[in-house]
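A, B, C and D label the chains in the order they appear, each numbered from 1.
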Amino acid sequence: MVTEKQIGWNRGEMAQKVANDIPDGSYVNLGIGIPELVADRVPEGIEVVYHTENGLLGMGTVPAAGSEDPELINAGKKCVTAIPGASYFHHADSFTMIRGGHLDISVLGALQISEKGDLANWSTGKPGAIPAVGGAMDLVAGVKNVWVITEHNTKDGKFKLVKECSFPLTGKGVVNTIYTNLAIIDVKKTGMFVREMAPGVSFEFLQEKTEIMLKQI
Amino acid sequence: MINKIVHSTSEAFVDIFDGATIMISGFGEAGSPIELIHSLIDTGAKNLTVVSNNTGSGNVGLAALIENRQVRKMICSFPRTANSTVFPELYRNNEIELELVPQGTLAERIRAGGAGIPAFFTPSSVNTPLADGKEEREFDGKLYVMEHAIKADFALVKCQSADRYGNLIYNKTARNFGPIMCTAANVTIVQAKNIVEAGSIDPETVITPGIFVNRVVQVASPADESKLVAEGRSYPW
Amino acid sequence: MVTEKQIGWNRGEMAQKVANDIPDGSYVNLGIGIPELVADRVPEGIEVVYHTENGLLGMGTVPAAGSEDPELINAGKKCVTAIPGASYFHHADSFTMIRGGHLDISVLGALQISEKGDLANWSTGKPGAIPAVGGAMDLVAGVKNVWVITEHNTKDGKFKLVKECSFPLTGKGVVNTIYTNLAIIDVKKTGMFVREMAPGVSFEFLQEKTEIMLKQI
Amino acid sequence: MINKIVHSTSEAFVDIFDGATIMISGFGEAGSPIELIHSLIDTGAKNLTVVSNNTGSGNVGLAALIENRQVRKMICSFPRTANSTVFPELYRNNEIELELVPQGTLAERIRAGGAGIPAFFTPSSVNTPLADGKEEREFDGKLYVMEHAIKADFALVKCQSADRYGNLIYNKTARNFGPIMCTAANVTIVQAKNIVEAGSIDPETVITPGIFVNRVVQVASPADESKLVAEGRSYPW
């Protein structure tokens, strides 16, 4: 049996697709999860400055084993390093960067994305779930470009690209581009445009996996 | 002579009271003033409202304060993290109240509290459930929500070095909420790894000017929260 | 002929009266003019930290001739020094200190003070005058105690302590204490209370020089 | 590679336009980017709205820009200072517009502009003519006035040292409005006494992170405005 995983891009390849699209000199915030895989995949010769909302601009690579500093972490609370030319700042200044529109790209995960670019990524709204929002609502409200990286469907095969989000929103009309294991899709006022499909994925197959009507470029 | 140094964490809590609102610095364990929190547990103060980004992990620090039933309400952006079990359990049992605030709004509300700004407008959370019941308003064709300042009776903050005036510097991303919380509390209590001579911190590099600090206590070797959690420790020891 | 100047305190003595009243450990902002004379007169053993709104906490004495730095100035744009334990900060942080109620005392000059503690000190409202407010409105709105230091009457003998200010207000109901060449007067909800009079000044004489009804403690 | 260093002050103004709003750092002469202002004069850009605490002195720097009839409107807190004659004269003749703003409100409006906060409430100026026509509102029994953010097309800022990323440190009280103005403009142009290697400014002591800066030009020996004024110089020379 051929599973979707085998047809589409894997997580590393999805992250590579995002990495390829980041313009030289960009200021980028990478969310927790698959987005964290992006930094290592940015092509040679492209300089990107990474922001982590807990107070560091110029986040570097993962530290060598043994040289971790529990007071030098990213938003996912993992140990990181700082590049030469980095800066530390407090939370109000950090969100000045976010809310004030100074960051170029925010890469986040998603539970659902609607036709209009609405994003739901913080809560399933289930009773008993502990709601936790972190910086997501600030990122989607303030960053110039919001890119979502997500599996195209849920583990049990449900749509994630939906007509209307059923989960509580993170932001309305905020998503610019969606990177899934099956395709890269630009969200525009006139609809959702498929820019690229993973090898072996046909437009018909992609549409079948998507609740909203897709358009070909 | 101005001298804000006190000699023990317990001395720093002479005027703590039940029902106080307390800001606690830290993003996860980075910047969390664990020794101050343990002294706060020792005071037995109850019905606290705690403003902090997370809810602690394991059974030490902020998680222990919550586990000890001293917290009535949490105001935070991210109440569940790895190894955080105490808050989720109490929350599911309706034994603790939660005010969930987007992280940037939380930071700005604290900063506003310190800056004498009672309210401001932000685009964050507009059209989401976290804006429900809040005043919305359009500026230049875009929708914003009005948010109110947060002030506290006490702020507990961890820093790297402090002098007798209360001037502070921090360490890397352990800075996070510390500087803004120092500005927003009636009484700001700081634990510093180092106490240094006045004048030895370059005035160009002071992050928190002493005016925002009331008490400083040296904790030369603060515990590493994640180690305590890994070891399965709980406070009170 | 005996002039008022000869009867009352001179500027240095007025500044001394203010200096005597500053509690140990206070954070104080001194306005331009007579208030600048206060710092040198604070008694031995009392430590006061001076704030200047252009970004310095821990302002020191006047620099020695030849060691002035045009980038180290006070709000009056005069060269100053910084004490060991000083800090520099930007304007938004400086006014966080002011507006946020972190400063203990603001000492300012005045054009008029009303019975209710209204202060007018930034504009005579005359046509052709160039209005300039600086930080005065923030200081009176934010600082815990507002002390005014001023001649009791104008140069041409007019009242400065008036029933209602005729000049544009700096703030309404903000003044706590008035230090003039003739007296120290506390402004309370129940009226203006004379706490001390300069040598040779009688209560009757003081009342004659004051439009509002004074009260004796 | 990111490199924000440009090689001349004139190169920094390639995209200047008539009618632009321009923030200019400085409190009196401390922090005033006099060489950048002179290059702005050279561009001949007209109908500018300038946001700066003062209006310059003598016939150099900001005063020269005003004297050259390039400024339509000043937004400032203190338009008259020692040796400032240019602005007062034009103002009395109704040849320049003035928006007078309390200094703390000016700072907060600029900070709000940079932080994505469109409006906020402040107690400053309540019950004074500077609050006339503005929305007032009570919070906890106290009256506040609503103030709007200020944003600019350009910010001209003077600093002490900068690296290729645009990270900045300042000198003493010349810091003043620089850091907040850097955050509030579309294009932030900085003149730095020193250009240093990336990494040579301790990340703990960076005052303006590079994200807020677009162009940096070295002016190793900036003119001393008060000396030029004392010498009776005027720009253009």
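Basically, contacts are C-beta pairs under 8 Å (C-beta built on N, C-alpha and C of every residue); 3 or more make two chains touch, one makes a residue touch a chain.
Small disclaimer: the values here were computed from a predicted structure and weren't measured.
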{"item": "Intersection of the contact lists for subunit A and subunit B", "value": "D"}
{"item": "Between B-C and C-D, the pair joined by more C-beta contacts", "value": "C-D"}
{"item": "Inter-chain centre distance, subunit C versus subunit D - centres from mean C-alpha coordinates, in Å", "value": "29"}
{"item": "Subunit B and subunit D, separation of their C-alpha mean positions in angstrom", "value": "34"}
{"item": "Touching two or more other chains - residue numbers and ranges from subunit A", "value": "56, 82, 88-89, 92, 95, 98-99, 141-142"}
{"item": "Touching two or more other chains - residues of subunit D", "value": "108, 111, 115-117, 122-123, 170-172, 203-204, 207"}
{"item": "In contact (per the touch rule at the top): chain pairs", "value": "A-B, A-D, B-C, B-D, C-D"}
{"item": "Touch list for subunit D against partner subunit B, complex", "value": "108, 112, 115-123, 137, 139-140, 142, 144, 148, 169-172, 202-205, 207"}
{"item": "In the complex, subunit D residues that touch subunit A", "value": "1-2, 111, 113-117, 163-165, 167, 183, 197-199, 203-204, 206, 209-212"}
{"item": "Subunit D-touching residues of subunit C, taken from the complex the two chains share", "value": "52-56, 69-73, 77, 82, 88-92, 94-95, 98-99, 128, 130-138, 141-142, 168-172"}
{"item": "Complex contacts: residues of subunit D adjacent to subunit C", "value": "27-31, 53, 77-82, 87-88, 91-92, 98, 100-108, 110-111, 122-130, 170-180, 207, 224, 226"}
{"item": "Residue numbers on subunit C that touch subunit B, as the complex places them", "value": "24-25, 27, 47, 49, 51, 56-58, 82-89, 92-93, 95-103, 141-142"}
